[in-house]
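Here subunit A shows up in two complexes: once beside subunit B, once beside subunit C.
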Partner chain A sequence: MSTPNLISAAYTWGQFTPSFVLVGLALLILLTDAFLPRLNKQLFPLVGSLVTATLACFTAGSSASALFTTLACAATAVCLLMAYDYRSVVSASVAGGNHEDGVAEFSALPLLACAGVCSLIRSRDLIMLFVSLETVTLASYAMAGYFRRNQGSVEAGVKYLILGAVSTGLMIMGAAWFFGTTGTFMGDTRFLLAALSNPYLSAGVLISVGLLLAGVFFKAGAIPMHTWIPDVYQGAPTPVSAFLAVVSKLAGFAALLIILLPLIYLQSTVSDMLSSLISVLAVVAAGTLLVGNLGAIPQQNTKRLLGYSSIGQAGFILVFFISLKPTIVGPVFNYLLAYGIATLMAFAALATLRMQRGSEELSAFRGLGKTNPRTSFLITVSFASLAGVPLTAGFLAKLSSFQALVSTINLPHHIIYWLLPIMIICAAAGFYYYFKVLRFMYWEKPEQNDTPVHFSPVCIAILTIGTLLLLVLGVTPLIF
Partner chain B sequence: MTPLSHYLIFSALLFSIGLGGAIMRRNVLVVLMCLELMLTGANVALVAFSRAQGLEGIPVYDAQVLALFVMAIAAAEVAVGLSLIVAMFRARRGVESTSLTSLKD
Partner chain C sequence: MNPAVQAILFYVFAFGALLSALGVVALRNPVSCALSLASCLAFVAAVFFGAGATFLGIAQLIIYAGAILVLILFIVMMLNVKDEHPAAGNWLYCVLGVLAAGVLAGTLSSAALRLPGSTGGRCPVHVLLEHADDLCPVQGSAQAQQPQTTAPTEYGGMLPPISMRDGESDVSLLGKNLFTHYNLSIVVLSFALLAGAVGAVAVGRKLRRD
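Showing the complex of A and B:
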C-alpha cells in the first residue's frame, strides 16, 4: 500500500478566502468596539450583514461547495439583520440598561461561526472537518447562552454545551478509529476499500463511521442526538435560534455529505457493509420524522414548534441519503434552501412579535390577519412552504424527498414499504401544526386593546424577499 | 514494547468513564471534567494509532496533529463552559443540572 496523500496537498489558500474575510471582520469588529467606544454600535451588525451578503454574491457558483457557501453566508447576513432589529432586547438582556454593551460580540460570533461553516464545506479530511465543525459549535454555545441575565438563555447554553461536547467526544473517537483502521484521515476510496475488504478491520471502520455519524447527527438534529433542539431553540435569543436552525443545520448536512460520499462511491464493491449502513440511515430517518413531526403537534410555544419542525424537516432530508447515490447533493441543497428561507422568515416575524406583544406563544399571532393583512400574507407563505403547499418551494423539496425514496423501489432492502407510510403521516402532521399558526392569524379575533403590530422595514424586507424567492422557486426549481 | 491493544483498552476505559460520568453526574462542573476525560481517551487512541500506523519507528504525524487540535479545542470548550457555568450560578445560585427545568415540554 502506498503512503496516503499529504493532507496539505488537498488544499489551496484561495479556497478559504471567505473564512479569512469573515474571521478578519469579526476581529476588526471586536477591536473597534474596544478602541473606539464612542462609535455607534448599531453599525456592527449592519456592516457584518453587508459583508456576508457581498461574500454570498462573490462565492456564488454552480459547484456544490459554492452553493452551500452562498447559502450559509446569505443566511448569516439575514440573521445579523435580525440581530440589528433585535438590538433593544440585546442591550436590555446583556447590560441590563440602555447602553449598548455586548452588541459588538453579538455580531462577531455569527461571523466566526459562518467562517467555520465556509471552511467545513471545503474540507476533505477529518482534521479540517472536525476543527471547522468545532468552530461553529463553540461560537454557537456562546451565542445560545448570550443573554446572561435571562434564565432560559443560560439554561439553553449549558444544555447545548453538555450535549454538544458529548457528541464532540464521540466524533473525535470516531476519527481516531477511522485513522486506526484506514491509516488516513482523508475520505480516500483506495484506503477505505483496503480496510473494508480486510475482515479484521471492517468492523473497526463500521464503528468509526457510526461514531462520526453520531457527532454529525447532533448538528443535523437527527435522532438520537436531537434532544437539545427544542430546549435550545426556545431558550436562545431569537436571531440565534434562526442561525442554529439554518446555518448550523446546513453545516451538519454538509459534514454528513463529506463523510458519506466516499462510501457512496464505493457502493458497488462493498455492498454488504453499505446495506447495514443504509438500514441504520433508514431507521434514523424514520425516527427523526416521527419524533419531529409528532412532537410538534402539542406545542404552544412558537420557537419550540419551529424546533420540532426543524427535526422533522431533517428527517425528510435524511431520506435522500437512503438512496446513496452521488446525485443526492443537488436535492439536499434544494431542500435546505427551501427550508432555510421559510424558517428565516418565520423567525424574523416571531422576533418582531416577541418585541411588540411580549410573547412567543402561538397566541401572539392572534388576529394578525385583521390588523396586518399584508404582512400576514407573507407569514402565510412562509408556513405554507414549510408545510409543503403546492406552488411554494417547500412542496417541490418534499416531492423530491418522496421521489428519492420511490426510486429505491427496485432495491432488495424494501425500506420503501414501511418508510413511505411514515413519510405520508408526517407530511400530513406537518399540515396540522404549521396551519395552527395560520388559524391563530385568520380565525382568532384580535383582543380589545390589540393595535396593529409595527413590523420594521428590515423585517418587511426579509419577509418580502423570502416570499418572492419561495414563490419563484416553487414554480421554476433550480435544476441540477 | 507495549502492544497497541493495551493503549486501546486504556483509551476505551477513559472514554467510557467520561461518557458514563457525563450522563450520570448531576454537578455541571463534574460533567465538564468528564467531558474532558472523553476527549483525553480519544487523544490516547489517536497517538497510539499514529505510532501503530507508522513504518520503521516513524509515526504518521497526521493523528498527532489532530490530537494537538483536540487539546486546543478542549481548552476553548472549557473557557466557554466555565463562563456559562458562572452565568448559571449567578442566575440560580447552584450548578446542579437537575435545576435546569425552565425549558421543557
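Showing the complex of A and C:
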C-alpha cells in the first residue's frame, strides 16, 4: 500500500467560525472594559447575549454538529441574559456595594466556554477534544468560584477544580493508552478495528475507552463522577449553575458521542469485544438514574434539587447509548433540548426568587400560585416537562428513552429486564420531587408580609418563550 | 545497543521511577515530595531516551523536571507548608478508596501485562521495537488485511493518519505535525489559556475595602 501524503491539516478554519466569533466577542468585551471605563457595564451581558443568539441562528442546520452548536449558543445567550438580570447580586458578591467590577469578565467567561463547546462539537480527534474540553472546564472553574465574597461559591470553585483535575488526569491517561494501542488520536474505524482485533492490544483499547469515558462522565454528570454536581450547583452563582447544567452537560454528551461513535460503527464487526462496554454503560446508566432521582427526593434547596435532577436526567440520556446504534444522535439531541429548555427556565425563575425573597430553598416558591398566578403557570410547565408530563417536550424525551431501552430487547444481555423497572421507579420518583415545587406554589399559603414577586421582563421573556417551545415540541412529535 | 544492557537499563530506570512515584505519595515533607517527583520525571525521561524518543526525553527534562518543578517548589516555599498531617478519615472511605484504587491498578496492569514484551523475561523496549511493524496499525502489516469499513462523515470520520517512521528525526516530525496537523488544536489551546488567564485575573483581583 503506497503511503499517501500523510501530513495535512485535519480541520479547516471554516469549521471553527463560531468559536472564533465567540472568542473575538469575549476579547472585544474585555478590551472595551479596559479602555472605556465609563461605559455602562450592564451592556456587556446584553451585547454578549444578543450576538450569541444571532450566532445560534446562523449556525442552525440539519447536521448533528450544527444542531448541537445552535443549542449551545442559544443556551449561553440565555445564561448571559440571566447574568444581566442577576446584576445586583453580581455586583454585591464580586466587588461589594454597587461597584460593577467584574461584570465584563462575568460575561466574557461564558463566551469563552461556549467557544470551547463549539470547537468540541467539531472535533474529530482526541487532541482537539481534550483541548476544547479544557477550554470549557477552565472557564467553568473561574465562573463557579466567581462570587468571592460568598463562602459557598468559593467552596464550589475549589471543589470543581480538584475533582475536575482528577477527571482530566483520567482522560489524558485514556488518550495515552488510545495512542499507544491504535497509533493515532483519531476515532478512525480502521485503526480501531486493527487494534481491537489484535490479541495483544484489544484489552488496552477497552481500557483507554474506559478511562476516556470516566473523564467524559464527569462533564455529563454520570456516576461515579457525579459527586461534584449538587455542591457546585448549590454554591455557584445561579446563571453559572444554569450554564453548567445545560451547556457543560451538552459538551459532555457531545464528547461521549464523539468517543463512542467510531465504536458504534464497528459494533457489528467486533460485537463480542463491545459487549462488556454495553454492560458498563448499562450499569452506569442504572446507577446514575438511581443516585440522581432518589437523591433528589430529600432535597430542600432548589439548586441542589436541580443538581440531582440533572444527574437523573443524564441517566435517562445514557440509556440511549446502551443500544450502541448510530441513530442515537437525534434522540440524544432531542432529550438535551427538552431538558435544557426546562432547566434554563427553572434556573431563571429561581434567580429572580433568590433576589426578591433572598432564599433558594423550596419554600421560596411558597404561595406563588396566589401572588403571581400567570408566572406560576410558566414555572409549572417547566417543572412538569422535567418530570415528563404528557403534552410537554419532556414527556416525549422520556418516552424515547424508554423506547431506546425496549429496542435493545434482542441483545443477548437482557439489560431490559432489570433496567426497565429501575427506569420506571426513577420516572415516578421524578414526579414526586419536581411536584414538590408545585406543591409549594399552589398548596402553601403565602406568608403575611409576602408581596407579589416582581419578575423582570427578561425573566418573563425566558419563561414565556421556554413554555411555548416546550408545549409546541410536546404536541408535535413529528418534528421531535 | 546490546539487548541485555538495554534490558538492565530499562528495569533500573523503570524501578527508579516507580520508587520515586511512591515517594511522592508517601513522604510527609512537601519539599521531599516535590524532589521525588523530579527524580520520577527524570527516570521516565531516561526510559524515553532508551526507547529512542530523544526529543520527548529532552522535553520531559526541560519542561517537567525543569520548569514545572521549579514552579511547584516556589509555591511550596512561598506558602511555607509545614509537614502534612494525615487526615483522620472515616474507615469506610478508606476501604472504598483502597478498593477503587486497587480495581483501577489491577485493570491497568492486567492490560499492560497483555502487551507484547511484558512477559517472557525479555527486554520490553527491545520486543516493542521488534514488533513495531506488526503492531503499528498505521503502517504495519496489520493494516493490509483490514477491510475498509464505512466511516461516519460526522464525529470520528476519516482523517489522514500521521506516519511516525519516514526517516525523519522526531524533532522535525513533531514540528511539522504541530504546525500542520494540529495547527487548529493549538489555536483552540490558546482559547483555553485565555480563559484560564481571564479567570485567574478575575478571581484573584483585590477586593475593595468598602
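Note that in this section the second predicted complex is superposed on the first by the 467 of 480 C-alpha atoms of A that agree within 3 Å, B and C clash if a C-alpha of one lies under 4 Å from a C-alpha of the other, contacts with A are read in each partner's own complex, and residues count from 1 in each chain.
Simple rule for what comes next: a contact is a pair of C-beta atoms (placed from the backbone, for glycine too) under 8 Å apart; a residue touches a chain by one contact, two chains touch by 3 or more.
Note that the structure is predicted; figures quoted are calculated from it, not measured.
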Which of subunit B and subunit C A:131 touches, first, second, both or neither: both
Partner chain(s) touched by A:410 [first = subunit B, second = subunit C, both, neither]: neither
Which of subunit B and subunit C A:184 touches, first, second, both or neither: both
Partner chain in contact with A:62 - subunit B first, subunit C second, else both or neither: neither
Partner chain(s) touched by A:149 [first = subunit B, second = subunit C, both, neither]: both
Partner chain(s) touched by A:476 [first = subunit B, second = subunit C, both, neither]: neither
Touched partner set for A:141, first subunit B, second subunit C, both or neither: both
Which of subunit B and subunit C A:157 touches, first, second, both or neither: both
Partner chain in contact with A:235 - subunit B first, subunit C second, else both or neither: first
Most subunit A residues touched (candidates subunit B, subunit C): C
Subunit A positions touched by subunit B in one structure and by subunit C in the second: 4, 7, 127, 131, 134, 138, 141-142, 145, 148-149, 157, 177, 183-184
Subunit A - residues contacting subunit B, complex: 4, 7, 126-127, 130-131, 134, 138, 141-142, 145, 148-149, 151-152, 154-159, 161-162, 165-166, 168-169, 172-173, 175-177, 179-180, 183-185, 230-231, 234-235, 295, 298-299, 304
Residues of subunit A touching subunit C in the complex: 1, 3-11, 13, 16, 19, 23, 26-27, 30, 63-65, 95-97, 99, 101-102, 105-106, 108-109, 112-113, 115-116, 119, 124-125, 127-128, 131-132, 134-135, 138-139, 141-143, 145-146, 148-149, 157, 177, 182-184, 186-191, 193-195, 198-201, 203-204, 206-207, 210, 257-258, 261-262, 265-266, 269, 326, 329
List of subunit C residues in touch with subunit A within their complex: 107-108, 110-112, 114-116, 135-139, 142-144, 146-152, 154-164, 166, 176-177, 180-185, 187-189, 191-192, 194-196, 198-203, 205, 207-208, 210
Complex contacts: residues of subunit B adjacent to subunit A: 11, 15, 18-19, 22-23, 28, 31-32, 35, 38-39, 41-43, 45-46, 48-50, 52-53, 60, 62-63, 65-66, 69-70, 73, 76-77, 80-81, 83-85, 87-88, 90-92, 97, 100, 102-105
